[in-house]
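For clarity, chains are labelled A, B, C, D, E and F in written order, and residue numbers in each chain start from 1.
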Amino acid sequence: MRILIVNPNTTASMTAKLAAVARRVAAVGTEIVAVNPSYGPASIEGYYDEAFAAPGLLELIAKAPDFDGYVIGCFDDTGLDAARALAAAPVVGIGEAAFHAASLIAGKFSVVTTLARSVAAIEHNLVRYGFAARCAKVRASDVAVLELEEKGSGARAKLSAEIARALAEDGCEAIVLGCAGMADLANSLAQEHDAPIVDGAAAAVKFCEALAALGLKTAKRGGYATPQAKTYAGEFGRHSP
Amino acid sequence: MRILIVNPNTTASMTAKLAAVARRVAAVGTEIVAVNPSYGPASIEGYYDEAFAAPGLLELIAKAPDFDGYVIGCFDDTGLDAARALAAAPVVGIGEAAFHAASLIAGKFSVVTTLARSVAAIEHNLVRYGFAARCAKVRASDVAVLELEEKGSGARAKLSAEIARALAEDGCEAIVLGCAGMADLANSLAQEHDAPIVDGAAAAVKFCEALAALGLKTAKRGGYATPQAKTYAGEFGRHSP
Amino acid sequence: MRILIVNPNTTASMTAKLAAVARRVAAVGTEIVAVNPSYGPASIEGYYDEAFAAPGLLELIAKAPDFDGYVIGCFDDTGLDAARALAAAPVVGIGEAAFHAASLIAGKFSVVTTLARSVAAIEHNLVRYGFAARCAKVRASDVAVLELEEKGSGARAKLSAEIARALAEDGCEAIVLGCAGMADLANSLAQEHDAPIVDGAAAAVKFCEALAALGLKTAKRGGYATPQAKTYAGEFGRHSP
Amino acid sequence: MRILIVNPNTTASMTAKLAAVARRVAAVGTEIVAVNPSYGPASIEGYYDEAFAAPGLLELIAKAPDFDGYVIGCFDDTGLDAARALAAAPVVGIGEAAFHAASLIAGKFSVVTTLARSVAAIEHNLVRYGFAARCAKVRASDVAVLELEEKGSGARAKLSAEIARALAEDGCEAIVLGCAGMADLANSLAQEHDAPIVDGAAAAVKFCEALAALGLKTAKRGGYATPQAKTYAGEFGRHSP
Amino acid sequence: MRILIVNPNTTASMTAKLAAVARRVAAVGTEIVAVNPSYGPASIEGYYDEAFAAPGLLELIAKAPDFDGYVIGCFDDTGLDAARALAAAPVVGIGEAAFHAASLIAGKFSVVTTLARSVAAIEHNLVRYGFAARCAKVRASDVAVLELEEKGSGARAKLSAEIARALAEDGCEAIVLGCAGMADLANSLAQEHDAPIVDGAAAAVKFCEALAALGLKTAKRGGYATPQAKTYAGEFGRHSP
Amino acid sequence: MRILIVNPNTTASMTAKLAAVARRVAAVGTEIVAVNPSYGPASIEGYYDEAFAAPGLLELIAKAPDFDGYVIGCFDDTGLDAARALAAAPVVGIGEAAFHAASLIAGKFSVVTTLARSVAAIEHNLVRYGFAARCAKVRASDVAVLELEEKGSGARAKLSAEIARALAEDGCEAIVLGCAGMADLANSLAQEHDAPIVDGAAAAVKFCEALAALGLKTAKRGGYATPQAKTYAGEFGRHSP
């Protein structure tokens, strides 16, 4: 089985981190390929960045039609719906994967993400997916995405402090890490706080494997129908379905 | 007051139609400018098209920072959240405008849109905005967007038949037309069916005027905070905030 | 265009304040007429007052059938449903207008109203209209309605302090002022707190203008059907439909 | 124990019917007094009628402060919130009583009411009270309220046919009769359809008895706080709290 | 009328307390019989205890088919759905009874229960029944169920302190006591806090009397249909329907 | 990795079917053990059967503490919450697994289950888990559970016909099979209807593997806390935690 992980931002160190996390949990026989676009935002922190990350993400999926599953490596699930319309194989976002995993092991979870500006998009996804009542609170840790890539930035300490507050105040039973860049911290934070800490990147890989093994593909009647052939003008002509 | 209407697809006849509808309802002293991107999909029918329409839309807004308000001329409210983060002045989508207007004149409304593939995105928006319980049903009329631009396509008849079914079966009190390309049909359909028929394009112009006159601008604490300066790589470098 | 603003309480200074706010935002060519009943409560603070304010409000609307739109000048939207059934032209409540306006410029808003006893009715309206998930919190400032009419009452300071708490604690992005008597304070409070402060009275005027310009009237199939002719006994005989 | 049933319309035959139904189910030792206002609408069919029924209803409650409980004898629960603020003893509406009773004996129920114009107000109450997900459908039987008082009107047959449709199509397990004037038909309809048929008038009497026996009174912190003393002008001066 | 109260745990002192509370509020002519299983958990604190309490509860109901109503004497409403399927007469749980009673006298209530582990089951019930939006918060008082049976355990003081916090912080108007073992404390706590304190055990008895007097029985089309005859193997053979 | 599948009914042919389905999808290195209780109902069709299936299910899990994950092989997710409190390793119900899988590949799904009496419990689970808005409809096919075990019963044809109706009428994009006994039919039905058909048994095995591989265990703060040591009287003494 081959799974393509697309990091929709252009920061290669995050792509490498996603690949490492994925390979750690992948089943025997699962090949992990991790890529990122050559154009677009260096990190995704809010709706504007999302809009410019989606085309590169979709292009990478379009160019790799033979994979058995696709993982979108941004907690916002950037471009997830469009990717599902495009791909034949299942597509799983790391945000939704984390919510599904947390819901299978806890009554309520809290999300700890990066900046306050990212909270709204996560809350929107929770509402749309159906997890709003399962999520106690979405919290910002005031850590920028790229700080997670810098040694000595103090990012882990800020994140850990916010997790402690969530467990003390929210009535939550598990924590979801709200950024792909936090994937490598899940295990040590789980030990530190003696609570389940869910990393969506690892979860998305396993759920993608699961769907592929089950022979399930995205439904093509409704919103995920294959895009209709039509003219795309100008510089986006090459993306025409 | 100057309002910029951005049709996020590249079909100039739809842009012209939006401009005409807008000028018909605009207040004395409101200048309407209507534009569309030079690149991207010719029509927006589903999530994939949306993803490739958003960059062009945002570029047009970024290049026109001095307007008093912006209208997004697609019923999916393509790129609305990103546009709000980008612009200083208010931004109104024609989908949301139609839902707001219908909610002010009816207890429940139904939406009649183009193709079945467009229903899911509209339902998602209704849930996110808070209008899910106000909408009786989202219906597809099986009319493609560009058929609305072709004389003799039979589009109006199909649309009218679906409106009749909605009024008979849904328990709705008003109808929302679910595509920008239907804007010119609202008045005649309202007379034909003796029921309020809401065209979001005209509504968006009036609500945009209203917000501007009230001196209200998009809140900048939270999800609509101004995009952070950061590197955008490659061909999207010019869109870097 | 002529818009009738009905203040459903009997306090003429509030009626005058509403008229002034309305004229400040009305479009060129919009004539504002503001009235209040000669009988009923001097202010509306809770359900009991509402019940005795509605008849006078409805009588004023019934006597003025030729207006192009009606604004109900109480944040509880007193009698709104009955007024919609009665009037041919659109009717907009200042509470709902504020919620609509806030939803067009912010992901989440908080409401700051007068007394604790008024919170429940506002929360009920938010649920019914569909805005419950858009409203972070409804807060009481412990200012009585008529204190807002008295110089030196300290009302503005209490209100401002509650707004500051809302912005600090609620995760809201904008503030809705929860009483018609606060209409004149919106602009200075917005500057003080550097956040959008929505006054429903001004918003209702603009939305009323918008609906009238769009040619939209209240739907008459369903709950807003014109009242059936029937006998009203005794002192209410004159209100018989 | 003494319970006051207030029929908020002026039709004495309905008041007598309510009294008869109440006495049939009242406990030994419960005295039933049934009254109606001398002024206001002859029947309540929509929001406008409600607004003119509430003052008379509240006046009757205000004049009878020594009762152990109050029942509001209209399925719309006309004036319920205001009556709760006014009265010391518990107040139960027949609409809410029916919803509570049906929820205690069935997973889902449908409501069969009179005219289409009454559906919206019932749906609003279901949403506000929390019963929206327990109600499969609110159906109109196209029977006017006063037809229920006329022999030979065919009202019972129309009602029975609509009940049959509800049981066949809605997935409901019990039926709520959606008008006070149907109270005398519940038993025979239950036998005819072999399903629980809930009459809210009888239910309200029993729940009112129950609350009184439990020593529970309406909470007075929040929306049901006792109305504040204040000036009521003109012809409503006598209603001033 | 004869009502069977089944305490689903095996602690006879709690059964006796339930009987005493029930007899205090029962109508003249209502005979109260209170029983508990001879096998199963001594108290119910969480889902595992619930699962082993249900068989004994159901066996006691099956053996007593001639009662006019049944009360399940655990705040979790242990086995309520199964009991409804089994019994011909109405079945009322003390948790649901408390929620219904509180909803009839207050806009919002908070629940104060025993241990944190019991909160989730109560929240689940609130969601299922439809009361989620009526409940401000479910709070644990950190009192174990059997502490309520021990003099000098300090249980009442802890409970009272949590009630005070609920009234101060939750915006609730009434308090629901979240354990059958608290039934005898409701009156004194109500006086102490000057707020309605709802004991579900007493409420369930009165609602059970009410349903029986109304002639209402559990609907038998749908989830509460009488269990189908089928083989139960082994030690549960005697429970076969 | 070792996964224990517990069929909570006593029908060995269903247990064998579950084992076969599980082994078909299990990863290399996953050992599947499938068991059923020796006492309790032969099939689970409604709440009463569920109550008598849970003890045997829990006993089997308690006796097998060393597994890496547990699957509950009934679509009702019988005893799921209690099993989570009991077990250290993750526990997945086949109902919830199917809902999660369907949500990852479709916007909306319908459930096709056995008898009408089973619909309510499934709807309750959908509400509790958060999937209510993702499920278009829960449909009964009028096939008894044990008919699925009998050749020549016509069960598959009835099921297929109901799936066809769901796809035609519900606006759903995928189908969830609502009974463990349907597990072997998923693939052929998917081909027949050209739509994703989700079998929860296979899905639960894969999600259980996924959670175990991720190192995630059920959260133990809150409703799933390990049962407290306490006395269980009589014949249930051996189940005492």
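As a working rule, contacts are C-beta pairs under 8 Å (C-beta built on N, C-alpha and C of every residue); 3 or more make two chains touch, one makes a residue touch a chain.
Everything quoted here is computed from the prediction, not taken from an experiment.
Interface chain C/chain D: over half of the residue numbers present appear on both copies, so the contact uses mostly the same residues. Against reference pair A-F, the listed pairs C-D, A-B or B-C yield one interface repeat, B-C (criterion: more than half of contact pairs the same by residue number). The chain with its Cα centroid farthest from the Cα centroid of chain B is E. Our note on geometry: chain D versus chain E, Cα centroid distance of 28 Å, whole angstroms. One simple way to say how far apart two chains are is to compare their mean CA positions; for chain A and chain C this gives 43 Å.
Shown for chain E are the residues in touch with two or more other chains, namely 107-108, 119-120, 127, 132-133, 171, 221-224. Within the complex formed with chain F, the residues of chain E that make contact are 10, 37-43, 45-52, 54-56, 58, 79, 81-82, 84-86, 116-121, 124, 127-128, 221-225, 227-228, 230-237, 239-241. Contacts from chain D toward chain E in the complex involve residues 25, 27-29, 90, 92, 96, 100-101, 103-108, 129-134, 167, 171, 173-174, 187, 190, 195-196, 198-199, 202-203, 206-207, 209-211, 213-224.
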